Amino acid sequence: QGTAPCGVGAIQVFLSSFLSFLALAASYTDSSDDEVSPREKQQTNSKGSSNFCVKNIKQAEFGRREIEIAEQDMSALISLRKRAQGEKPLAGAKIVGCTHITAQTAVLIETLCALGAQCRWSACNIYSTQNEVAAALAEAGVAVFAWKGESEDDFWWCIDRCVNMDGWQANMILDDGGDLTHWVYKKYPNVFKKIRGIVEESVTGVHRLYQLSKAGKLCVPAMNVNDSVTKQKFDNLYCCRESILDGLKRTTDVMFGGKQVVVCGYGEVGKGCCAALKALGAIVYITEIDPICALQACMDGFRVVKLNEVIRQVDVVITCTGNKNVVTREHLDRMKNSCIVCNMGHSNTEIDVTSLRTPELTWERVRSQVDHVIWPDGKRVVLLAEGRLLNLSCSTVPTFVLSITATTQALALIELYNAPEGRYKQDVYLLPKKMDEYVASLHLPSFDAHLTELTDDQAKYLGLNKNGPFKPNYYR
Amino acid sequence: QGTAPCGVGAIQVFLSSFLSFLALAASYTDSSDDEVSPREKQQTNSKGSSNFCVKNIKQAEFGRREIEIAEQDMSALISLRKRAQGEKPLAGAKIVGCTHITAQTAVLIETLCALGAQCRWSACNIYSTQNEVAAALAEAGVAVFAWKGESEDDFWWCIDRCVNMDGWQANMILDDGGDLTHWVYKKYPNVFKKIRGIVEESVTGVHRLYQLSKAGKLCVPAMNVNDSVTKQKFDNLYCCRESILDGLKRTTDVMFGGKQVVVCGYGEVGKGCCAALKALGAIVYITEIDPICALQACMDGFRVVKLNEVIRQVDVVITCTGNKNVVTREHLDRMKNSCIVCNMGHSNTEIDVTSLRTPELTWERVRSQVDHVIWPDGKRVVLLAEGRLLNLSCSTVPTFVLSITATTQALALIELYNAPEGRYKQDVYLLPKKMDEYVASLHLPSFDAHLTELTDDQAKYLGLNKNGPFKPNYYR
Amino acid sequence: QGTAPCGVGAIQVFLSSFLSFLALAASYTDSSDDEVSPREKQQTNSKGSSNFCVKNIKQAEFGRREIEIAEQDMSALISLRKRAQGEKPLAGAKIVGCTHITAQTAVLIETLCALGAQCRWSACNIYSTQNEVAAALAEAGVAVFAWKGESEDDFWWCIDRCVNMDGWQANMILDDGGDLTHWVYKKYPNVFKKIRGIVEESVTGVHRLYQLSKAGKLCVPAMNVNDSVTKQKFDNLYCCRESILDGLKRTTDVMFGGKQVVVCGYGEVGKGCCAALKALGAIVYITEIDPICALQACMDGFRVVKLNEVIRQVDVVITCTGNKNVVTREHLDRMKNSCIVCNMGHSNTEIDVTSLRTPELTWERVRSQVDHVIWPDGKRVVLLAEGRLLNLSCSTVPTFVLSITATTQALALIELYNAPEGRYKQDVYLLPKKMDEYVASLHLPSFDAHLTELTDDQAKYLGLNKNGPFKPNYYR
Amino acid sequence: QGTAPCGVGAIQVFLSSFLSFLALAASYTDSSDDEVSPREKQQTNSKGSSNFCVKNIKQAEFGRREIEIAEQDMSALISLRKRAQGEKPLAGAKIVGCTHITAQTAVLIETLCALGAQCRWSACNIYSTQNEVAAALAEAGVAVFAWKGESEDDFWWCIDRCVNMDGWQANMILDDGGDLTHWVYKKYPNVFKKIRGIVEESVTGVHRLYQLSKAGKLCVPAMNVNDSVTKQKFDNLYCCRESILDGLKRTTDVMFGGKQVVVCGYGEVGKGCCAALKALGAIVYITEIDPICALQACMDGFRVVKLNEVIRQVDVVITCTGNKNVVTREHLDRMKNSCIVCNMGHSNTEIDVTSLRTPELTWERVRSQVDHVIWPDGKRVVLLAEGRLLNLSCSTVPTFVLSITATTQALALIELYNAPEGRYKQDVYLLPKKMDEYVASLHLPSFDAHLTELTDDQAKYLGLNKNGPFKPNYYR
């Protein structure tokens, strides 16, 4: 379903939950009950409600602890809750949601509830649900339908259970990947027509919305959260700066100092990777197709080369292009022994992994997410995550970054729900710059950062409102 | 006239010429003839032409050397000359130009000539002409009317001499600041109507063009070179990264290591300054009004503060806001002894210098561009360039950066001159992204950078033409 | 036993093995036989030898793979093997060793064998043995006596089995921590007297040797490998630069960008930590007692403060002092919620952890190596590794760094074994600078680095031998 | 005379004064009196004294301003003056000095006077005297004998006038280069014998002292200030980090971003240069003869190459080796057009400039300190300062750095003058570590840095005195 944009994107929550799961598995696994499908279980929470379907409601307490930990790094949402204690800007909102279900989304969902909304929730990925978090949500009264390891059939069943409920009709959609939106659009056209707004955060989901809009079939205003400034900057540049080191270290324990690395692509993702690697003492080469990015790479102190020029000498190859077949079998054949190959770009097409699945090459799984591909002469190439996103598979995403996305989603919902008739037509909208700025401002206290305010005189001189927006809408 | 945008802008050529002038003054000053106005002199070049007006045609050889040195860092223009040796894309073009007249613009002008154009040129600033370069241009047959130290009357006389010539009617305008454009528009409306295109590079000039366009009086297509991607990135981020150190060092010999610096404004200019200062061991604080930039500053490792919080402790204050009265008298009163104050923003309003011109404060000029302002208790504040642009006044701009702007201007002229009827209406245009990319690509050989080409398959996958443009038009 | 110096020291191998163990545990655990002590088992390797005592000889193949992976990053030792293929510089050497038993030490031990030595080996730490590696060594014919989870009695039994063997008398000692040396000195004084050299790499072991020497009881030349230049530089500055990020990330998933961090101590360890944290966007403060280091911190762009000045505002506290009670209960009381506290210094005394074990505070273990200490008002302090060395407990040490130490140990053994009578007296020696340089040169090919050779003329001018040493002996 | 060590050394004051001179020349040049030798002039200061010989006593006021500016960055000396207001630790000291005479040395000299000493002073270099500063000293009552542009005969005459005075016999020497010491030793052996201490700061002077000592002819204790820790660290690493950028920029206006630079030598000087260049976006290669430094370069992220491998591609070549003929004619022949070549090492031998003075090459002086050497095919190599020290010739040294050296000199004088009989023999001594630390601590207030004090308990634990020294004597 929902696929991530270049960078870490929303789907990365997957990993976070995956790792947490691993770390905590021992405490809550109840293997005896692993065999039974949640759909067949009878469960009630402590208040007697059965309006949910999760793996094991007994894990609720454990999940609550995870949510509390997440809350500590999501103070923007907590402060939203506080500001909206009096007025409930989402009073009356009936939100149906479909996202990864993790501690971080739980903080979002509970914030929406605190703002007055009723929520029904399913998972946008069959593997990414943190079962104990789902349990905690269910215990707290959220109608959540999700577990780790759903079948395809389970997946749609869960979505349907969210939408199809007697006496409750959704008027808002929060989606990640577009599956929920598509389901409502197809199966419940009457519900769809009365939706007041859709908030979508994935590249794929946004793409689907634009297509619907183009085809004249989008009868609801939708907000494209994916392309908001703060999300782009944080999810790509800053987040990759952190996760490239982490992903490489956790999988290979490689020493960065003195390593020769080639990074394919010098967009925001590539820039983040390069900054971190250079800072830790690696010697970084860039490949680029775009002369403007190439010129930036030059000015930033990187040699811009063709992959062939350096492929024999480099210790690490990282793809960040959004393109396909950037690293071909021919390149792989020429790499030196022990060369590490991984992908930080948008999908698993950048490295031609398929070309490695041939009889003359031996694959050896040496660690989780780490394969040695062995040539007949003994040369080994170290392939990470089978060419899938490294930061999705082998590192974590800081809760703080997820907080920015979640806050943006919450604000987009509030805006669409409360917008006066006519402000939004049946189209896909970018977040107004002012709201982007508001999201940013909510995250400044974490850094103890103090904004300066314009004087009246200065605002007049600049032709700006003292409260923003400070940037033109085309700024990114 | 033309004022520079945040960053270094075109007008900075001024300094470059100024310093060169100083350095070289001894060799060519001919004081006996300093008194006579060029307008009253009779001069002919070695081919017998008098179709120019410069300070002293005898300085031509010296100016030629300066031009040759500049050519070494402007290989993009040189390669343009080579590519256009067969076809002359500007054959028939009659260009009237008004820019700073320096070694770098000379390389541009001579490139335009090599591409087939006839050129007549004046200066956009009464102080910025490098006399020996003007002489070299005149000797080479360019009709140049400019000298260092023109009066206001001289200034308009020179412009008029460029436009008003029997038997020669301009069909293209290259302007920096909008004065030439305005003069043609007002005085020669019939010429103006037949102009095929205007290329303008300054903020001010572009502003004037948009106003003209809004008023429905722009009857000619115009190209806004100022907002091209390469110019913005290079003139601001990268150029300031280099010039802030140079400007501070040349004026004050300050040691950067361990200095506490507050930078007001974290746009591209501020980002460039901060990167350089941090790299050299300074401790940098940021002030910002915009939460998005503030959040970037946080993630980049700078504390975001209000000016008042740090004003007592900092060693250096740098303004990069584009705003006015950012540093007020109150701030100046609270600074510690020896604090250095300077401006890298867009004009001399950022520091309230006027407030320092009061009887109780003593000004002491300690070096060129360096004043000590002395409080009654003996405290000294070190004010650079009287609050004017530091990098304009006290450092140089690398020829390489000027090459990018000059190449962009040349390409814009070619595009407008050769565009098929109807491609450009009577409006102000941004440079097409593809041309931005072309300018960038012409500068890559200087770095020995090698671009990667898309395969057909990849281009199809990405939905791109193999030759670009690679970026959407809204990219910046 | 052997404790690590500031930095990562030898004992860190512990972690490496620990993590590998975790990662690989599933594959080789044979739980049915876990109960029986290896001392009571009858095991023979495939050649019929029983001259060893390990957990499970059947794990040999698995361990061999680990050793092979390690060999890839220890090319210096492999090249030593090659260079010594003809002459066997350790022919006749009978080495008794006591170190961590990991894939990396296995590469060392097998190198010693390849150089002609006979080896008997025990573990210097009861927890740090990689069982499968020990099995692989045993299978390859090395007399190894070690397993993970020895009792104190087992520990000394294993050491004794190495030394006390009929018909085989050790003439060289390789020790890490000094326990083996002490055992031979006390129990087998006659063997001790005939030892030709001791090589010791730990701070503790070296300290014991100096004491013995002072007391006039050291009747054997000993080499202090701990204080060699390459080891110091790599184990401290460079290694900590890598491991501080890794250790923090693996335990807390903390985002570095914008975090306020105080690092106590700006020696080599502190310098490494600060460089990495600053590079990733953290704002770093330093505390120092030594004005020279403090001045370096200033010049490197860090504010030097007293801990009290910043303790309320920082997000992370890292100790690197080698001192005790640097972070006191009073400091801990004043930290803000979620503050992370950890130690990169030489022992677990730097943070006063004991002071936290009081009834009013609640400890919550949230992950392996991560405790939340909770104050009555709900404030949580995140304590890593209970104040023990972070990089020992929560990150890995690159094999490349271990290679430097292992190569140094091998060379020290060769030097002592082959030194002409009289070169070394009954004293503790530092590695000759020339050998330090040789170790460095063996590691340059990994970086494809090419040394320049002095011409005869230049060597003469500098008063140096063309082959080094290039540095005075006092250089460090 | 006195030549500088690797790094910036004391002699660099030369440049500082030179530039100041240029900048200020207009204000005080009195050309009519330039022709007369100061030795032939009759001058008296305002108190009627004629006990000096300077260019022009009338320049005193102007020089006083320069001294006052310098005092602002030399607060360590000012605080020394304050601490010694009561006791005069140099009461009775009769110091004869021979150093560069600049604003910074003037602050030192006047500090010595404030501490109770009587001073007579000459210049250690015939060009480096700031005339107006000498005038200010004379006006203030210091017996100074020095002017810019002395002849060789003048030079020794001035030195002699300092030593040879009726009724005044020097008991301390402060020397820079060893000429004064040599003069006293040769001409006034009876004075020499009674000297209580010599303080010498130059490499050359120290070398001469060690020779004298070796020959058994040094009958006076001498302090080697050159090798103190603070001086080494500041004069080399930190100072070069700042001056390499400044020197290149002032001479060539080169843009650093994307430039390929090879730095020969990765000692402290090379490390400083590389750090700065890399930080500003240059791509830096290293050549090294020493494997330890080479390995550090690798870990710091630089490729280690032989000069030949990169000589065709680099834009800048910088020598920092202390060796000779590092850049040969052969290398120069292979450089690309516009390559910049300069020297940051210890003398003008590193680049084989002599080899360029051949008929087939044309030299063109394009700016002060900048020559274009032109090959027959038109290729130009840009040679800076004719291969002499770049930072001495083309940049300034921050006063703060000079303050460290000056403070060290003052303390060394106090120590030698007050040391109890027997503490110092007739030998050359390094500054005690504790004094090094004291110098450092005197400079911390400039950075508002706050040292932490050891508790009694901690001091005991570390085996240190609470007041230092904190480092072993062998630390550097």
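Order of writing sets the labels: A, B, C and D. Residues in every chain begin at 1.
The rule is simple: a contact is a pair of C-beta atoms (placed from the backbone, for glycine too) under 8 Å apart; a residue touches a chain by one contact, two chains touch by 3 or more.
Chain-to-protein mapping (UniProt): A, B, C, D = Adenosylhomocysteinase like 1.
Please read these numbers as outputs of a predicted model, since none were measured by experiment.
Enquirer: Count the touching C-beta pairs: is A-C or A-D ahead?
Expert: Between the chain pairs A-C and A-D, A-C carries more contacts.
Enquirer: Report the chain whose mean Cα position is at the greatest distance from that of subunit A.
Expert: It is D.
Enquirer: How big is the gap, in whole Å, between where the Cα atoms of subunit A centre and where those of subunit C centre?
Expert: Chain centroid spacing, subunit A to subunit C, equals 39 Å.
Enquirer: Could you give the separation in Å between the centres of subunit A and subunit D, each centre being the mean of its C-alpha atoms?
Expert: The answer is 57 Å.
Enquirer: Which residues does subunit C have that touch at least 2 chains other than itself?
Expert: In subunit C, the residues touching two or more other chains are 238, 257-258, 280-281, 298-299, 303, 447-448.
Enquirer: Which of the residues in subunit A come into contact with subunit D in the complex?
Expert: Against subunit D, subunit A makes touches at 257-258, 278, 280-283, 298-303.
Enquirer: Mind pulling up the subunit A residues that touch subunit B in the complex?
Expert: 229-230, 233-234, 238, 287-299, 303-307, 309, 322-326, 436-438, 440-441, 443-444, 447-455, 457-458, 461-462, 468, 470-471, 474, 476
Enquirer: Considering the complex alone, what residue numbers of subunit A touch subunit C?
Expert: Touch residues, subunit A against subunit C: 16, 23-24, 65, 69, 72-73, 238, 241-242, 245-246, 249-250, 253-258, 260, 276, 279-281, 313, 337-338, 366-368, 380, 395-396, 398-401, 446-448.
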